[in-house]
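Each structure below is given as structure tokens.
Below are two complexes that have chain A in common, paired first with chain B and then with chain C.
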Partner chain A sequence: MANIQETIAKQFAEAAFTEGDQLLVNIPDAKWHDLARFLKETPELSFDYLVAIVGMDWTDEFGCIYYLTSTKYNTHISVRVATADRENPMLHSVTDLWAVAGIYEREVYDFFGIVFIGNPDMRRLFLRNDWVGFPFRKDYDTDPEVNPVRLDHEAVEDTTVTYVEDETGKVVKKDVTIFEPDDFVVNIGPQHPATHGVLRLRTAVDGETIKKIDLYLGYIHRGIEKLCEGLGYPQTLHFTDRLDYLSAMNNRHCLCLCIEKALGLEVPRRAQVIRVMMDELMRISSHLLFIGTFCMDLGATTMLFYALRERETILDILEKTCGARMTFNYNCIGGVIADLDENFVADVKKFIEIMPKAIKEYNKIFTGNVIAHNRMDGVGVLSKEDAVSYGVTGPSGRASGWACDTRKTNPYGIYSELEFDEIVRTEGDSMARYKVRIAEIEQSVRILEQLVDNIPDGEICAKVPKIVKLPEGHWFQQVETARGAFGVFIESKGGTSPTRMKFNSPGFCLAGAIDHLTRGAKIADLITIGGSLDYVVPDIDR
Partner chain B sequence: MYDLSVITTWIHDLLSSFMPQWLTVTTECVLIGVGLLLVYAVLALFYIYFERKVCAAFQCRLGPNRVGPFGVLQSVADMFKILIKELITLNHTDKFLFALAPFLVIIASMLAFAVLPWGNGIQVIDFNIGIFFLIAVSSIGVLGILLAGWSSNNKFTLIGALRSGAQMVSYELSIGLSVLTMVAFAGTMSVSGLVEAQHDVWFIFSGHIPAIIAFIIYIIAGTAETNRGPFDLPEAESELTAGYHTEYSGIHFGFFYLAEYLNLFIVSGVAALLFFGGWMPLHIPGWESFNVVMDYIPSVIWFLIKAVALSFVIIWFKWTFPRLRIDQLLSLEWKYLLPINLCNLVLMVLIIVKGWHF
Partner chain C sequence: MEVTTKGMPYEAFKDNEYIEKLADELRANGTNVVVGSLDKLINWGRSNSIWPLTFATSCCGIEFIALGAARYDMARFGWEVARASPRQADFIMVAGTIVHRMAPVVRRLYDQLAEPKYVIATGGCAVSGGPFKNSYHVLKGVGEIIPVDVYVPGCPPRPEAMIYGIMQLSRKMRVERFFGGVNRQENREEFLRNHPIDNTEE
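== the complex of A and B ==
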């Protein structure tokens, strides 16, 4: 880390450094783009993966914290960029360096009103265009009179704006056309069988060929991050179950880890083992649902029922312990909320037995099918460079050859003690994404096999103070959910509730890559590609 | 074999004994019309129930089991529901064409019913170009689908209709050519002639390899003609919501739904006619007593069993295979099925000329 600091300090005299859970670089906005380019393009740094952009309002200034990772050296760095202008806050965009920044910066603009100079599309992302104010600013007026529930249609515009700097350094606003007037634009979603939730894709087609897709988000935006700012830490936990409801356990695990890291809390061994087992059960159930719905999208309806049959056993296991089949409310700060059901071990053993047979059956009925191959082979190819640039993590990223499994790169919990393989394929097409998930089910079963007989006795939860107060500072934690790397950012000023909490969801990046993946594909391929990315809309919208 | 034309002749004689000839013909037409409609409705109800049960069995489910014993009355209840549903009228549609489209689809399948060989002597029309007529009228259906998609003034229905047009026109070729192969083998286009020609052995057995190839191609193309999976692109649920009939409601939607099942029956009925002897019982040359026993089973039963069994195969396709993409669908037809079919026709002619068949 000292090495990185020296390299940066040599080039950028203005940079100030703070040690935290990651090295934090403070840089003025004027030098930010140069630093970003330096960080990405210097061979000994090569921070090629933009993990997150966290918009911040420090009351005296606006800004962002950028989290960067080098996929080559597995090093991490964070950069703090701020502007003191509260009237017209502007920062420089890094869209040209990391493709995923495009959608991240739109989110920050939507919440904080920070304009990014050079971002090609500066529209709101989640909220309506007629929304008054920027809700994450600390001086935001929450009066319902200002933003009443609007019942009228939101006008659809085919243009957007961008801000560019001219030669004199003055920022000019420019109009950009999204769709030409004579484009045949099909509105896929928000209510559409294949968008897996309320996601809207305005699709310009030429016959059956897709020319361009414009993504509309926010149909189930609930402002979870904003709500967290008014709640105590134990109260924020349940929101994570409602983000990516198919990786509920993993999400909650992440937030608990982040809070525990801030508190310096040691989690009992039994709780850690239980957490990992639950995570893996959750991952299998999510992948099973993926197999089912993906095949159904391709028209093979029967596979859905085959996959749901096995998923049902997992839900039964979870239900016995947690009392719920969907939003489990199981992890808590310091451990888990309740002990395992007495049949848990027997049930999991039974499940470990049936799963390999079931996978054989799936392969027999679907994977080898010639139509399935025709539909998936070479469809929606994502190169490794693009996967990193678009921040496509999880099985989708690994199908492109990017070994991005957080359980391997930055092990948390007891993952470092477990034996399992990280599945990486190189094709990068829909078939690879499907096959990676099938293989990951097998690996998860392997993890369960190692743990099922080795659940230690002891406490299920550490001693946690009645009122959870985090010390001053900020923390970032990532875990591997079924969809990819899920991150939690917490900034605390020492109170009982966070001043900023950010959920960095994998589905968001997946949705951001859709336009890139579908250019020139057929309409039917859009369904294949969308299905194979396996995004979950509440995870995107938050 | 009991010749059912005895009954029809008796009815004809009875009617003409007290009616002038024009009235007899009119009455008979009405009777046949009512009879066909009845068969039509009952078959559709049966098929809906049949498909739901079969698909449930494939999918580890039970299927309908609440209304009536084993849920047999479920489709009756569904029909009642669809009849009392509101017909939603839309603005910005071509009202006349919008209303016309479902009827065109249903008329096409009704007309095809007329020439099916229901049993020994109970065929509505039996003329020398029967099979040709069948191919001609079944093509009217695509017109209805195109109109439905166009008149709804909706982009999804339009794409569905365009897909349907491309698909139906292409696969009509395969159907026509495989039918032609069998017509060449039988030497007649008349439906009763085709059945009679299979008195000793069904064509699928006597026709050698070309008959089997023609059958396989016919069943693939037939599945495509009925817009069923894996060729259900015009109404691909996950892509185009419901394709060309997205905007239809109530009984108008019901017509499309019925027509789809009836087309399934027609396609399998024609396959039964061309390859499995129509209503002709299973005869094996030399096994006289066996043949006599087979003759005791009524011809109507033979035909229905064959048609339903073939429908089962088509339903099996749907619940097993994923859907094709439009370009793959068309390349399957134009690059594979059509050339194979043409070669097959030549092969068949060669076999007929050389007398290599059984």
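== the complex of A and C ==
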């Protein structure tokens, strides 16, 4: 840590440093792009993975906190960039360095109205293009009269704007074409069975070949992060179950970890073991649903029934303990909310027995199938460099050869004590993404095997004050969900509710990579590629 | 009059007063023997093969998938023919939160459904906005923009609850009058009056 600080301080005299859960560098906007380039391209730093951009409204100034990770050294750093101009807030874009920044910056623009100089596409991302105001600003007018429910369709745009600096340093607005007038544009979604939710893709095609995809999000944007700002910490927990509902346990685990980190709370051993077991059960159930729906998209309808058969067994186990099939509300600050069901151990043991047999069955039915190979082999190849640049984590990233499993790189809970393999493949195509998930189910079963007989006795929840107040500061925590690295950012001013809470969802980066992955592919491959990425749209939109 | 469906005992339904009231209202002026008998036959057919539109925005959609899979198996009831196009579907199961950006799309999907058409609002969000009702971008229930026939509460509702909800819809279909009732046809003038197109004189 000190080393990184020295290296930066030598080059950038303006940089100020703050210690927190990660080293925070304060830098004026004028120097930000130089620092970003320095952080990425200096060999002894090589921060090549942009984890998150958290837009902020500190009332006196707007700004962003950038979270960066070096995949080479597994080091982390955060950078704070701010602007005091509330009328026309502008920051410099880093899209040219990290590809994922393009979509992250659009999100910040949509919520805070911060314009990024150099970002090639400065349109709204989640909200309608005729939306009034920027909802995450602290002075946003929430009056429903300002933004009523509009039933007219929003105008379709074939152009966008970008802001660039000319030679004198003045910022000028420029029009950019998305689709040429003679492009043949097909609209896919938001109501389409193959987009796995309400995702809209405007697709320019040349015959069967995809030329470009323009992504429209926000058809299930619920403004969860803004809602959290008005609620107490225990009240914010339930939203995480509804983000990526297929990794509900993992998401909630992450938020609890972040709050516990801020409180300095020690979680009882029993609760930690239960949490990890629940996480792994959740991961298996999510991957099973992936197998079912993905194979159904490719025409193998039977696989849905096979995969959901095993998924129902998991849901039964979870339901006995949590009382619900989907939104469990199980983790809480300091541990878990209820003790395990008396049959839990026996049920899990039974499940551990049936799962390997079921996987054999899946492989027999589908994985070796000629049609499956023809549809998936070499389709949507993502190189390792692109995976890092687009921030594609989780099974999709590991299929491209990037060992990015948070459970291994930055273990949380009791993962450091467990024996399991990180599945990494090198092909990077749809088949690899599918196979990684099948193999991950086996690894999760392995984790369950190690824990099922070793659940310690004791408390299930630590002593937590009735009113949870976080000290002043900000924290960032990541966990590995079924889709990739899920992050939670909390900023507190010492009160009972956060001043900013940000959920950094893995699906968002996956969606951001669609355009890159599908260029030059056939339109039928779009279904394969989208399905194999396995995004969940409410997770993208939040 | 006992209105039931799919071999469910009449007493097993929880709101029989409602369906009886509806049946009485519809038959207040008596029923023509021929038309009434035809109605019964057609309604028997309609209510036993209700085709849903595959439409899901969030968690409830996953439970809808579970409903189609082996354990809950909605094929038992004749609802398994989920259509991707609203023009071929009988009802739209609004499964999940409806937000501002989605509202015109839902409205259009509803308009595209062929008459007679029905709506089931599934889950807390579609019923009332659910946990997100204070959000700047969420509708307080899909009832704000389209008429709803059956509300199924829950977050998300269990597949059993969804089955019950669709059964209620099936019962409603059974008591309705088909001829002169839901078998509505709009002529061109009527349609254009209800769905005005901008910048046109006629």
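FYI, the second predicted complex is superposed on the first by the 542 of 542 C-alpha atoms of A that agree within 3 Å, B and C clash if a C-alpha of one lies under 4 Å from a C-alpha of the other, contacts with A are read in each partner's own complex, and residues count from 1 in each chain.
Heads up, the rule we're going with is that contacts are C-beta pairs under 8 Å (C-beta built on N, C-alpha and C of every residue); 3 or more make two chains touch, one makes a residue touch a chain.
Please read all numbers here as calculations on a predicted model, not as lab measurements.
Asks: What does the overlay on chain A give for chain B and chain C, a clash or a fit?
Replies: On the superposed model, which is not a single observed complex, chain B and chain C fit side by side.
Asks: Per the overlay, which chain contacts more chain A residues, chain B or chain C?
Replies: Counting residues of chain A touched by each partner, the higher count goes to C.
Asks: After lining up the shared chain so the two structures overlap, which partner does A:His192 touch, if you call chain B first and chain C second: first, second, both or neither?
Replies: It touches chain B and chain C both.
Asks: After the fit on chain A, how big is the angle at chain A between chain B and chain C, using C-alpha centres and going to the nearest 10 degrees?
Replies: Once the two structures are overlaid, it is 50 degrees.
Asks: Is A:Cys256 touching anything from chain B or chain C once the two structures are fitted on A? First, second, both or neither.
Replies: Once the two structures are laid over each other on A, A:Cys256 reaches no partner at all.
Asks: Please indicate which partner A:Arg222 is in contact with in the superposed arrangement: first for chain B, second for chain C, both, or neither.
Replies: second
Asks: With both complexes overlaid on chain A, does A:Ile4 touch chain B (first), chain C (second), both or neither?
Replies: So A:Ile4 meets neither chain B nor chain C here.
Asks: After lining up the shared chain so the two structures overlap, which partner does A:Phe305 touch, if you call chain B first and chain C second: first, second, both or neither?
Replies: Both chain B and chain C are touched by A:Phe305.
Asks: With both complexes superposed on chain A, which partner does A:Asp297 reach: first (chain B), second (chain C), both or neither?
Replies: A:Asp297 sits against chain B, while chain C stays out of touch.
Asks: Scan A:Tyr245 for contacts with chain B and chain C and give back first, second, both or neither.
Replies: Second partner only, chain C.
Asks: If you stack the two complexes on chain A, which partner ends up touching A:Leu68: first (chain B), second (chain C), both, or neither?
Replies: neither
Asks: After the superposition, what is the least C-alpha distance between chain B and chain C in whole angstrom?
Replies: 5
Asks: Under the contact rule defined above, give the chain A residues that sit at the interface with chain B and also at the interface with chain C.
Replies: Common to the two interfaces on chain A: residues 192-193, 304-305, 309.
Asks: Across the complex, what residues on chain B touch chain A?
Replies: The touching residues are 55, 58-61, 155-156, 159, 163, 229-230, 232-233, 236-241, 319-328.
Asks: If you look only at chain C, which of its residues touch chain A in the complex?
Replies: Checking each residue of chain C against chain A gives 54-59, 61-63, 65-66, 68-71, 84, 96-97, 99-105, 107-109, 131-132, 134-139, 144-145, 155-156, 158.
Asks: Flag every residue of chain A that touches chain B in the complex, lowest number first.
Replies: Interface residues on chain A, with respect to chain B: 184, 186-187, 192-194, 208, 295-302, 304-306, 309, 365-366, 369, 371-372, 374-375, 522-527.
Asks: Which stretch or stretches of chain A touch chain C in the complex?
Replies: 126-128, 135, 140, 142, 147, 149-154, 190-193, 197-198, 218-224, 226-227, 230, 238-239, 242, 245-246, 289, 292-293, 304-305, 308-309, 311-312, 325-327, 537-538
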